[in-house]
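Next up: some structures, all given as structure tokens.
Note that chain A is present in both complexes that follow, paired respectively with chain B and with chain C.
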Partner chain A sequence: MVVVPSDTIVLPRRSWRDGLTSAQAQGWILLAPALAIYAGFALYPMIEVFVLSFQKWNGLSPAREFVGFANYIFIFRDDPVFWMALGNTVIWTALAIVIPPILGFLLALALNQALPGRNALRAVFYLPVVIAPIAVATMWKWMYDPFFGLFSTLLTDIGFQSFIPDWLGNRRIALYSIFAGYVWQHAGFSMVLFLAGLQGVSDSLVEAARMDGASRFQVLRYVILPALRTTTTVVVVLSLIQSLRAFDIVYGMTLGGPAQSTQMLALWAFTQSMQIHDFGRGAAVAVVLLLMTIAVIIPYLLWRARNDKAQGRSA
Partner chain B sequence: MKILRYTIAIAGALAALTTANVRADELVIWSRTNGPAEDKALKQIFSEFEAANPGVTIKMETRSVDEHKSALRIAAASKAGPDLYYMWAGLGLGGEFVKAGMSAPVDEYYAKYKWNERLRPLADAYTTLYPPNRHGVPYQLNGEAIYYNKELFKKAGIAQPPQSYDELVAAAAKLKQAGIPAITFGGSVNWHVMRLMDVLLETKCGAKAHDALIAMTVKWSETTCATDAFNEFHKWTSEYTLKPFMSYDQTQSRKLFEANRAAMMLEGDWMANQLRTETKTPQEFGVFAFPTGTDRLYGFGVNFYINPNGKKDLAAKFLDYFVSDKVQQENLGAFGPLGVNKNVAPKNPDVFDKAWFGLFDQYKASFVNGDQGFPLDVTTEYWRIINAVATDTMESGKAAAALQAFIDKRG
Partner chain C sequence: MSAATAPFRQMGSDRIDPLLVVLWIVLIVLALIWIAPAVFIVSTSLKSTQDVMGGGAFAPPTKVYWQNYASAWERGRFSTTFLNSVIVTFVKVPIGLAFSAMAAYALSRIKLPYGKGFLALFVFGTMLPFQVMLAPLFSVVNGIGAINTFIGLWLPYIAFGVPYQVFILHGFFKEVPEELSEAAIVDGASHFTIFRQVFLPISLPVLAALFILDFVATWNEFAMALVILLNNRNWTLPLALMGFQGEFGSDYGPLNAAIVTTVVPAVVVYLIFQRYFVGGLTAGAVKG
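This part shows the complex of A and B:
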């Protein structure tokens, strides 16, 4: 006779047929098509890019030559553009996690008030988010035109003709000129998330703080901002991921020029692969960008998982 | 088992459909997106050829330039693709496809159809770039030269188009003195301002050294004329070019030229049509070759290449029809101001026709654009260095060494 300790529960063994009827199995079945598509169109290309980064291939020759770390050595040591692209990506990302979220937060605060036409204004500020980045690039490129553009015309009209810069042609300001278009497009995205977050801030807490004599700034600092901590993290992380993928707007406005001064890692990976047709070096650049993105995403996913668990939403 | 049977049946049906789509007498042509006049002419030529060859159909697929190149690369890897394809003849473009075995030698067809007896020598020369065989049949021949504004030249006191490089520089100085920007380029597309560097290399180095530099058989850093050309390039971009020019493209540059904002523009023969349609007084513009001092015209050729895995005989038969006197005469202007056939001429030539026909008759050889001569990675670096010099972020004296450093490291 086997004595089973009273605190030990023995579960019956379940066959895969039993499993098929369970809710978990149904979940897997429902997930299967999406997983298959993800594996085919996301995972497989990622693996292929990783493999390609150790090969030399021009897209024409039937054979791909294994070259070890040669592509990485080239981009890190000999490529005159890679470090510029990396530097620009870092600058862009640093700006992208600060400026659009701050603007979005200020807009959300303003549009959370009982203003006449509030909903229309929310739509107006959100509208750029739904426009294709390449269309945004075209619009801003025209506005920056040194002869016929909006900004040049405005400066001319107020007598500042001699101060008109070559917005997209001067390598010292071109990156920031493009970034202004990016901010215009993305501030609305942060705004919507902050607006949603503000709906969750308890009115009674705000009222209580005011009755205790807190100023507007103190209410913001000690009540609203702490309540928006989760939203802020989500906004910052999503802004960071978006910024690392910045491609279309740079491609549409400057093609990475002048003299590659607005080149970004995503665009440089594309240029190496699809225009220079050096798929190995392009893949190496893409892998570097992938690793940078993963370095951001993994902590974010872990944080999300911890947060979900703390709120009792784990599986 | 049932599922397997269904799968096989569906696969079989799909295979049958696919096979039915590729008919033995269908000629498939791939090209970049055609202009309206070119498209209309091609459709007419196709229908005439089909009428003359019962059972034959021609199917043309067009894509944007980059997509066209990518599609051909994919086709090369799969041994599939079109029977005929459009491609620029230079080393970095057509040359890559020839090297990859995606072009069938056409020597036997040249002998059979005697094409060299009717092709312009300049166009014909682009079929002999990759010995020992001929590759491709000329589709288009383009020259690039200086378009100038006669009125602005007159205002600056320039009586006639410059005949030498020194005269050209003197004319630019006169224009500058008169407050007129001498020349316009669109710097946002790298290849436009590159043209200035290309012609200056030809001017400063001469034909032989220029070719050696483009072929990378001599060191840029050790070839003095290369640095001279970069210095000269910087002089033009800093003193004589309409500014700012780095943030707009060739189309905006042309609009500024048409609006009399600059006196000259280095453009291809295709701009003649644009001046005819976009300006009220096209006769106010003239054309002269950039005075490089060599006997070569700046320009490039486009060929139709025959896919070795395609219907070669049918493709050659079509090409014979395409380059015939009749087709080229009837469609003169649709593929550029002049066709590739030397026996044709415009019936009512205007100022641009006369200028371009004169240039193509005058020059028996040509030199190609840098981006057609270099491999693609070197082209990208060439553009970066040119733009860096143009934007004063690289000293012109260091440019040749910078390019050579890249060439040495490219592996």
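This part shows the complex of A and C:
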């Protein structure tokens, strides 16, 4: 045994015998750093968004003037870009909760079969998830280059050069061009979650269904899909939350242009505040997006808590 | 589950299933499409401008043009920004994870007033989008005079990294049997000792998974750095890449070299620690 100066041993012993209070003191000390930083740099800014949305402020001057609902009235009544951004966010989210999850589900289903090299295949589909979104934006912007980019070159190679659209410059398609890059990046995320969910599907149940002469489709419909109900909810909600956050990929590819046709709420809140220096209006836009997000988060977390409890009881 | 099954067979059957063969071929084609952008970027990063403009998209470079990397590193000041990214990541990730583990221990093992409430507050934060509060983040960090400093970046990074880690580690610590820590408590050990000597060692796999996950997320983070690091001497790689694209966007070779530089560290870490990475990601989303 190492000889330790006696007071270093005695101190914790005495403090423990003092009872709950000192255990509590230790608990507070352990909790404090994480809680303080989280409160100061995540929760406080969130509250600050609400406060700012009722003020007029340029971000630097000491004067912050209370203006009531003026910022909201402005964005709802006088700011056509806000409505464009809202519309695009809704379109983007609708696509993002359908396309990457379906693609990810099909990939997971396929890569759950006994196929040679399936781990390598999984790694390929998952790879884009670890690439920085801003790098995905830069990559895809270059691939959409009208002259030397990948898509234009390939279309030229097969003789379709007159059909090359201006991928990111055409207002009608730019949003969908960006979304293609988003799908490339996010399908692997859904795939991994569905693969984890498929591990929970009982093998013996699948086998029993086959023995009873169920077709592939019937096994999928009546055995696998019901077992994946929880996973599916999780994937859809996480996809929804992620899609509301879309910022880097739009910033990197178009900055919201051309003519605001790819503007989204998160980016517009940033642009209003940090580039137009109207923190009040930016905050009002952010509050709209934040409320949309919270309206999803809270019911989802309550559902999760209920679900976990039910699982705990049955286990 | 079907790992024990021979290739191309359905579970419980030893005949080759033709549908699975077709499926496999479709998957290979799809995988080639999925990897094509990466191949295109890497091959462009090694081409001279004439090659980029003259050859086909997937034509290999006539002569490997490493100069693109030197040129990107010099003009994009990547030796500085790469170092910045390394500092930002290697300070933030361990400290953040340590704080998360401490908090998770306190919330799962010590009876604290409002402990459940604090936990709920952290869980709420796991889904909170920081993209919504970039402007207030700027003003808060500006308020403590930390714009253009790494501390100004570390604090919000830790704030938004802590919730998920606390959530996962709390779930893990909660399941540790009482007997393991009781003996130590009877011996008079403090919670700090039990945390360090009992809980940290047994949770190494979880900590490793969270470390890898957080490493990639921190390395890749762009939006918060954009509002806090305004001076290009402090830029991290994602910012430098964006700046490079703005300034030299039509120098295709160096631009793609810059992309590769930014992406490679995260990809290498992912490929080495793949198992941990996917484990850390799915742990929170699909439990049980």
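Throughout what follows, the second predicted complex is superposed on the first by the 279 of 315 C-alpha atoms of A that agree within 3 Å, B and C clash if a C-alpha of one lies under 4 Å from a C-alpha of the other, contacts with A are read in each partner's own complex, and residues count from 1 in each chain.
Keep in mind that, in the parts below, contacts are C-beta pairs under 8 Å (C-beta built on N, C-alpha and C of every residue); 3 or more make two chains touch, one makes a residue touch a chain.
The shown structure was predicted, so the numbers you read here are calculated from the model rather than taken from an experiment.
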Contacts of A:V206 with chain B and chain C, given as first, second, both or neither: second
First (chain B), second (chain C), both or neither touched by A:A123: second
First (chain B), second (chain C), both or neither touched by A:N170: first
Which of chain B and chain C A:G59 touches, first, second, both or neither: both
Partner contacting more residues of chain A (chain B vs chain C): C
First (chain B), second (chain C), both or neither touched by A:M274: both
Which of chain B and chain C A:P258 touches, first, second, both or neither: first
First (chain B), second (chain C), both or neither touched by A:D248: second
Chain A positions touched by chain B in one structure and by chain C in the second: 59-60, 145, 147, 274
List of chain A residues in touch with chain B within their complex: 58-62, 70, 74, 78, 80-81, 144-147, 166-171, 174, 254-255, 257-261, 271, 274-278
Touching residues on chain C, where the partner in the complex is chain A: 1-3, 5-12, 19-20, 23-24, 26-28, 30-31, 34-38, 40-41, 44, 52-53, 56-57, 99-100, 102-103, 105-107, 110-113, 118, 121-125, 127-142, 155-156, 158-160, 162-163, 166, 185, 188-193, 195, 216, 219-223, 226-227, 237-238, 241-242, 245, 249, 252, 255-256, 258-259, 262-263, 266-267, 269-271, 274, 277-278, 281-282, 285-288
Chain B - residues contacting chain A, complex: 66, 70, 73-74, 76-77, 96-97, 99-100, 102, 187-190, 243-248, 252, 256, 261, 376-377, 380-381, 384-385, 387-388, 390-391, 393-394, 402, 406, 409-411
Of chain A, residues touching chain C in the complex: 9, 12-13, 15-17, 20, 23-24, 26-31, 33-35, 37-38, 40-46, 48-49, 52, 59-60, 107, 110-116, 121, 123-128, 130-135, 138-143, 145, 147-148, 150, 153-154, 157, 184, 189, 192-193, 196-200, 203, 206-207, 210, 216, 230-231, 234-235, 238, 241, 244-245, 247-248, 251-252, 266, 269-270, 273-274, 279, 282-283, 286, 289-290, 293, 297-298, 300-301, 308, 311, 315
